[in-house]
Amino acid sequence: MSDSAKLTHLDAAGQPAMVDVGSKMPSRRVAVARSRVVLGPEIMALVKEGDLPTRKGPVFQTAILAGIMGAKRTSELIPLCHPLGLDNCRVTIEPDGPDAVLIECTATVTGKTGVEMEALTGASVAALTIYDMCKALSHDIVIQETRLLSKTGGKNDFQHEA
Amino acid sequence: MSDSAKLTHLDAAGQPAMVDVGSKMPSRRVAVARSRVVLGPEIMALVKEGDLPTRKGPVFQTAILAGIMGAKRTSELIPLCHPLGLDNCRVTIEPDGPDAVLIECTATVTGKTGVEMEALTGASVAALTIYDMCKALSHDIVIQETRLLSKTGGKNDFQHEA
Amino acid sequence: MSDSAKLTHLDAAGQPAMVDVGSKMPSRRVAVARSRVVLGPEIMALVKEGDLPTRKGPVFQTAILAGIMGAKRTSELIPLCHPLGLDNCRVTIEPDGPDAVLIECTATVTGKTGVEMEALTGASVAALTIYDMCKALSHDIVIQETRLLSKTGGKNDFQHEA
Amino acid sequence: MSDSAKLTHLDAAGQPAMVDVGSKMPSRRVAVARSRVVLGPEIMALVKEGDLPTRKGPVFQTAILAGIMGAKRTSELIPLCHPLGLDNCRVTIEPDGPDAVLIECTATVTGKTGVEMEALTGASVAALTIYDMCKALSHDIVIQETRLLSKTGGKNDFQHEA
Amino acid sequence: MSDSAKLTHLDAAGQPAMVDVGSKMPSRRVAVARSRVVLGPEIMALVKEGDLPTRKGPVFQTAILAGIMGAKRTSELIPLCHPLGLDNCRVTIEPDGPDAVLIECTATVTGKTGVEMEALTGASVAALTIYDMCKALSHDIVIQETRLLSKTGGKNDFQHEA
Amino acid sequence: MSDSAKLTHLDAAGQPAMVDVGSKMPSRRVAVARSRVVLGPEIMALVKEGDLPTRKGPVFQTAILAGIMGAKRTSELIPLCHPLGLDNCRVTIEPDGPDAVLIECTATVTGKTGVEMEALTGASVAALTIYDMCKALSHDIVIQETRLLSKTGGKNDFQHEA
């Protein structure tokens, strides 16, 4: 078994290549990704104070918008991703314990290829934006874990067992 | 103490704002960020087979290039980042134990503002690209512990205690 | 009645969100927007001299091209716009009285969502480009009015009563 | 007097051209531009309800961020603009009478060329974003009077007499 | 016969314009373009040494990735090109005699308009990237010939007689 | 002698890397590149008819603008190019014999790194744009001899012996 046979983004000569999706039928596809950002309790308190009572605060909203805009640009950032329209992209941010926030990005398309990378890119850019807005307070912020939670609509569905 | 006073990306009215760097003097600034991608032992074996003997394999190289190109576009992705040139951007990827790889991105600028976000964005886009190239093999890949390792050249240096 | 229920770009929690167009059927949609730029009579005379006899002059053509290219990038500029292909985009510029020009941008798509924003963005970028090319002559140029003239092909047609 | 001699963006042959700024010395330059968006009293009431008590509401914030991000991309949109870094970009949005909002965008650079176009582009993209977020409520929103208010730091200062 | 009638990118007034593809039916379209880069025998030897035994070397791979990413951005670069998704984009690079390399870019879409420009842009950006990576060794590198080799799926097929 | 030692865009491990320009002093740098587009005599006649009497025709102007805008985006297209501002970018297009046009692109910067790639990218994008605007008339258009003509201001000047 050659690596090229399994790593779909390599061609027979082992060179990087896109996957040809020309013969696939478009279907409704949804992917959900999550990113957890550990801010520490002090920053978390500040962010909550400004952001959470109304859930309309500027740190979260800036991150939500950055995540949506980042998801739309996935194919510019990830070299072998197909350019595709999005039916929808939604980013939510919730506190997760005393020192962290949980970002979820849901990307939806009616297309020939999945939107895992759009969901993961949206969550990552939202996480980086939270980092940027809080970094004057600490250099120990950590984007602890970014992963796929679920995908549906392709050949194989996937559901992460939490 | 108001949150706006401490969260530098909010102005006095609590609205999102850039930080004015007009009065700063340009200095040589370097930031190093890291991201860890847990691929699992099976994918790791495949990637190593193709990539590691020569360290010129296509998965790592694609990720290195994507990381460098991503770092150059940081100010397009992160809403309140300043646009700035880069003197240099370097991405390295090494295996880290039997199932993971470690990405390091070093960004360098002679400028008025730090390049933490460039380093973090470069590491993140490289990590997302590895994910993309391996995702046909597993949906359980996880991007872990994206964080700043060090920064020098600004008002305060920082060194992460590993 | 909550504002979120009426402002379609806010979700139930009042956070910014795209509108899910996944269940809509694609249809042929056309939107026309207009922008009026008041240049003042002196600049207008210069522009006309160079541009109007042939209608191929460089100020208008540069603005036409900038408008078309700007319309193609609408979803990058407007945070909650859907990325979409365009079947066509046309920009025309005509003198309007002794001191102004009228820009019209017509955007056409076969898609699930309207192209008002593409037409308005195309007209706006064309207007800004005229401004840029003439600004060495005056700082009193005004983009006086940018508005939608008509849209067809969606749930509700619209026609501005001139 | 030929038009090319006065329209700085045309060369001797009447072709579009950038202005060579190579021999200029960098200086601190600030430009302020304004755009007015007439929403009508009903939308204005809705927007105020959600946005104004705290001035952190999602419509204004989304527009502020879009304006800042748009200003950063001015040289991609306006064909003959120089690419340049920004020291700062600030967008504010205030109600202006019962049916309109006033957007102000202040762009600052230490550079060889002015930032009028950055300020005007930022104000325009913020205005278009407000349009986008309110357009489900009315097709009669109008973007009015986009203009330069002041510029300093270049060869000639300018101050609009309000 | 007016030029406007034949040059499809000019409208009746001789102004630049997109071609309206709204009434076309989507079909599977493939275009292949080729670019030949003359490096000279010395650089060619170096590149071959590092790149060719494994065909995974960094110069070729970097160029392949740049070509694919460039093809995806064709509609941003070429003013009157339609934005469109790509089903696939493949770039190959082979030595061609003792002093040159041959780049082929194959672009595929299911759409209303051809992908010649995507294939030509991909080949050109790959060629420019090879130039960039080798330019420290010589200023006499030449991108000798870029042309279309074939196109299928549109109104008229085309096959270059080699 | 290892290839990495000579190919400046590879690091010691043979991986792609930017060149660190941090220790260089900014200087005024100019690069001129050329591209020749063979249109064939029939297209050439059409283009001349519309474009050449005034040299303001739409094919040439569109290509000039696309070339300038393309040069500004060089660092987005060429993976290891440094992002940099441009003091100036000029594109000219002249007929060259009965069937071809000659494009020249001059890029100028005050910076730490040369602008050869900006000049070559500007010439290439202008050439591709001419191709795009004429391609409905022939599939046998060829972009020939894209090369550097001169560079000054860096460590070594270069002048092509025509």
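By letter and in written order, the chains are A, B, C, D, E and F; residue numbering begins at 1 in each of them.
As a working rule, a contact is a pair of C-beta atoms (placed from the backbone, for glycine too) under 8 Å apart; a residue touches a chain by one contact, two chains touch by 3 or more.
Just so we're clear, the structure is a prediction, and the values are computed from it rather than from any experiment.
Could you name all chains that are in contact with chain C and with chain E at the same time?
Correct list: A, F.
Shared numbers divided by all numbers used: is that above or below half for chain C and chain D, i.e. same or different?
Comparing the two copies, chain C and chain D contact each other through largely the same residue numbers, since over half are shared.
Using residue numbers, check each pair in C-E, C-D or A-D against A-B and return the one sharing over half of the contact pairs.
Over half of the A-B contact pairs recur in C-D.
Express in whole angstrom the distance between the two chain centres, defined as the mean CA positions of chain B and chain D.
31
I'd like the Å distance between the centres of chain B and chain C, where a centre is the mean of that chain's Cα atoms.
Roughly 37 Å, centre to centre.
Find every residue in chain D that makes contact with two or more other chains and list them.
14-16, 54, 56-58, 61-62, 65-66, 69, 73, 76, 79-80, 84-85
Classify the inter-chain contact topology: is it line, ring, star, complete, or other?
Shape = other; not a path, cycle, star or full graph.
Touching pairs of chains, all of them, please.
A-B, A-C, A-D, A-E, B-D, B-E, B-F, C-D, C-E, C-F, D-F, E-F
Mind pulling up the chain E residues that touch chain A in the complex?
Listed in rising order, the residues of chain E that touch chain A are 28, 54-56, 60-61, 64-65, 68-69, 72-73, 84-90, 92, 108, 110.
For the complex, give me every residue of chain D touching chain A.
Residues 54, 56-58, 61-62, 65-66, 69.
Within the complex, which stretch of chain C touches chain A?
Against chain A, chain C makes touches at 11, 13-22, 75-76, 79-80, 82-85, 111-112.
Within their complex, state which residues of chain C touch chain D.
The touching residues are 3-4, 6-10, 14-16, 46-47, 49-50, 57-59, 61-62, 65-66, 69-70, 73, 76-81, 116-117, 120-121, 124-125, 127-129, 131-137, 139-148, 151, 158, 160.
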